[in-house]
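Each of the next two complexes has chain A plus one other chain: chain B in the first, chain C in the second.
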Partner chain A sequence: MPVKTIAGKEINVTEEGYLEDMNQWNEDVAKAIASELNIDLTDKHFEVLNFLREKAKNGETLTIRQVGKSGIVDIKEFYKLFPKGPMKFASKIAGLPKPTSCV
Partner chain B sequence: MENNNKKTLEKVNIICSKGTLEDVYAALVMANGAVMEGIEANLFFTFFGLEGIHKKHMNNLHTSTAGNPALRMPGGGRMPTLLGGLPGVEGTVSAMMRKQMEALDIPPVDEFLEMITAGGGRVFACKLAMDMFKLKKEDLWEGVEDILTIGQFYELCDGDSTQIIFI
Partner chain C sequence: MKKLIILGAGTAGTMMLNKLYHELDQNEWELTIVDQSKEHYYQPGFLFIPFGIYKKKDVIKPKYNFFPPGVNVIFSPIDRVEGENNKVYLENGQTLDYDFLIIATGTQTRPSETPGLQDKLWYKDIFDFYTLEGALKLHDKLKEWEGGDLIMCIPELPYKCPVAPIEFVCLADDYFTKAGIRDKVNIKYATLMSGAFTKPIASKMLGDMLAEKNIEIIPDFYLESVDNDAKKIISYDGREVDFDLLTIVPVNMGSDMIARSGLGDDMNYVKIDKQTLQSVHFDNIFAIGDAGNLPTSKAGSVAHFSGEILFENILAAIDGRELKAKFDGHANCYIESGKGKATLIDFNYDTEPLPGEYPLPGIGPFSLLKETKMNHYGKLIFRWIYWHMLLKGKELPVEANMSMVGKKVS
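Coming up: the complex of A and B.
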């Protein structure tokens, strides 16, 4: 399993760069991954990331629909925050596995 | 030989020509999946597929219970065509399917289309089929951008990494 230095921390990642262990995540790691994707994280981004992490901790399958119903952003705003790959990029930045749902 | 010049898919143009629950959802899942991957998506509804954007029918689509050999009853036995043809059976089975889908967080058709357009996907209706079924733009879901001829549809399908998918 590849090890990558992200924000000065040795982190286990998959071939595609998703964190293997969501507990190795912190806000600096998020910022570093986001900058690779050319995304500047704002407070709004972090609200979404924390929402996804909370859901993932409870073992729920994450879908874009849940984010739209979260009360944090609607789906249009979600696409604006993470252009061209809202669930994929948000999951990656949140230190979560690649999304497994088709919706 | 390995091809090092592979191009990623940039645009899908999905034609939905059928109005059953499973056909319309196939089109919606593919379109939504595309925009979520950063792939442009155009949805073109034609013939019976227009049911999927008909304001009054879109959230109450049916799956056929008569003459559908893949349809299984709870327990795994095939649904006999005669049984599937009884009044009310198709409606009940279709409602059960919608409930199953809801449990997987698959939204109703109108909400699904809103998710797709929120991600930049575009939704169109076929002019010839609209004329055939005597439908007007007012009969359709508000998010339908335009009513197009097939020629106009092809104009949308430009680009060298574009696919047309027919359902």
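Coming up: the complex of A and C.
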């Protein structure tokens, strides 16, 4: 399991850079991962990230459509915050596993 | 008398009814099945209708043909389940009591979830093939169509039969080649996934297969709306794709009855334990088939395999024993690839589709992740197996949980 230094912290990550343990996450870690993806985190970003983390703690995984119904952002805004792959990038920055689609 | 009710008489519900009918003592148990429609559709056959390979008569039989004697059959839409009081309310005004309840109400297409989809081009230049009506109308369209941009679009996960759109574009390639107009047709595959399929090895194999057939994949395309005037589909990140003919898998959702009963997730799929299939809310409610929120394919094979597990667990629950049978998410899909060939994938929650032979190593007769004529015959003969064995709850000579035997791990 690769160990990566993120925001001065030794963190276990997958080969694609997703955190192995969501409890190793903090806001500085989020900012560091986001800057690698060329995203500057705003309060709105953190609202979404905290929502995803809250759901993940309850064992729920979300789709883009469900985030769009969260009341925090609609789908278009979600794309603007995390361009190209909102679910993949938001999960990575939120310290959550890579979203799996169950086909 | 103790009462067991099955909601939904599709593939999963009918199969469970037959299995339980043969096992439960008819002097002790009253079995009831509820459905809103009297016709049973062989849904895997819908895919072949647009190309004239199957006709309407090949995919419909009366539901009554598959119900054992002596069970209560009620044709009515369902209003809701009241789990606290073990009651089911039907729209025909009846109220049913139960000791055990199996929900098998499936998944439905919801074109209304996508703006512009069910507008003036619906069933003129835009079609689904997940309903009999859509498949038949698409058949009429293909007979007269002279070519242009054919876009296959997948806007949301999960959806029923994840390989059907891949099969559709392969069969379309074959169909237009035979019609002598393949050079006038651009086939494109716009999907919210990052490739032809979700799991890496199958995605690569199926992606290569589409490339060989000159079918372009447009990945990560999350559909926002359809512009009927400009004949474009538009994604949330602002990309636009022109179409002359659009075939689409409309957003899938479970029955609204699930939402009214408070038993489901945001997409109206019944929240169940992914191994035991028991409702997370009530110990005497189970779900099977597309109606549940299992993180695996919505497919007949999954209904079949998980049916074996549910059968054991229902009997255990009736006796008050621990639910020992655990489902592993096993799915098995024949993928029709055109020109009389098909490929096959076999996988579960933890193991992605791998190459090899199925079900027996070195013998097969079916090949995994490889196009063969034998796989195609497997797909065709399945229709007979479906009507004569699967629905009637007879055992098939394959394991319920996935086996690594015959699979090649690199």
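To be clear about the criterion, the second predicted complex is superposed on the first by the 101 of 103 C-alpha atoms of A that agree within 3 Å, B and C clash if a C-alpha of one lies under 4 Å from a C-alpha of the other, contacts with A are read in each partner's own complex, and residues count from 1 in each chain.
Throughout what follows, a contact is a pair of C-beta atoms (placed from the backbone, for glycine too) under 8 Å apart; a residue touches a chain by one contact, two chains touch by 3 or more.
Keep in mind that this is a model prediction, so the values were computed, not measured.
By the touch criterion defined above, A:G85 reaches both chain B and chain C.
Of the two partner chains placed around the shared chain by superposition, chain B and chain C are both touched by A:R65. Once the two complexes are overlaid on the shared chain, A:T100 sits against chain C while remaining clear of chain B.
Looking at chain A, you'll find residues 63-66, 75-76, 79, 83-85, 101-103 touch chain B in one structure and chain C in the other.
By the touch rule above, chain A contacts chain C in their complex via residues 63-66, 69, 75-76, 78-79, 83-85, 100-103. Considering their complex, residues 61, 63-66, 68, 74-76, 79, 83-88, 101-103 of chain A touch chain B. Within the complex formed with chain A, the chain C residues making contact are 156-158, 162, 193, 197-199, 220, 222, 224, 236-237, 251, 266, 294-297. Note for the complex: chain B touches chain A at residues 29, 32-33, 35-38, 104-107, 111, 114-115, 118-120.
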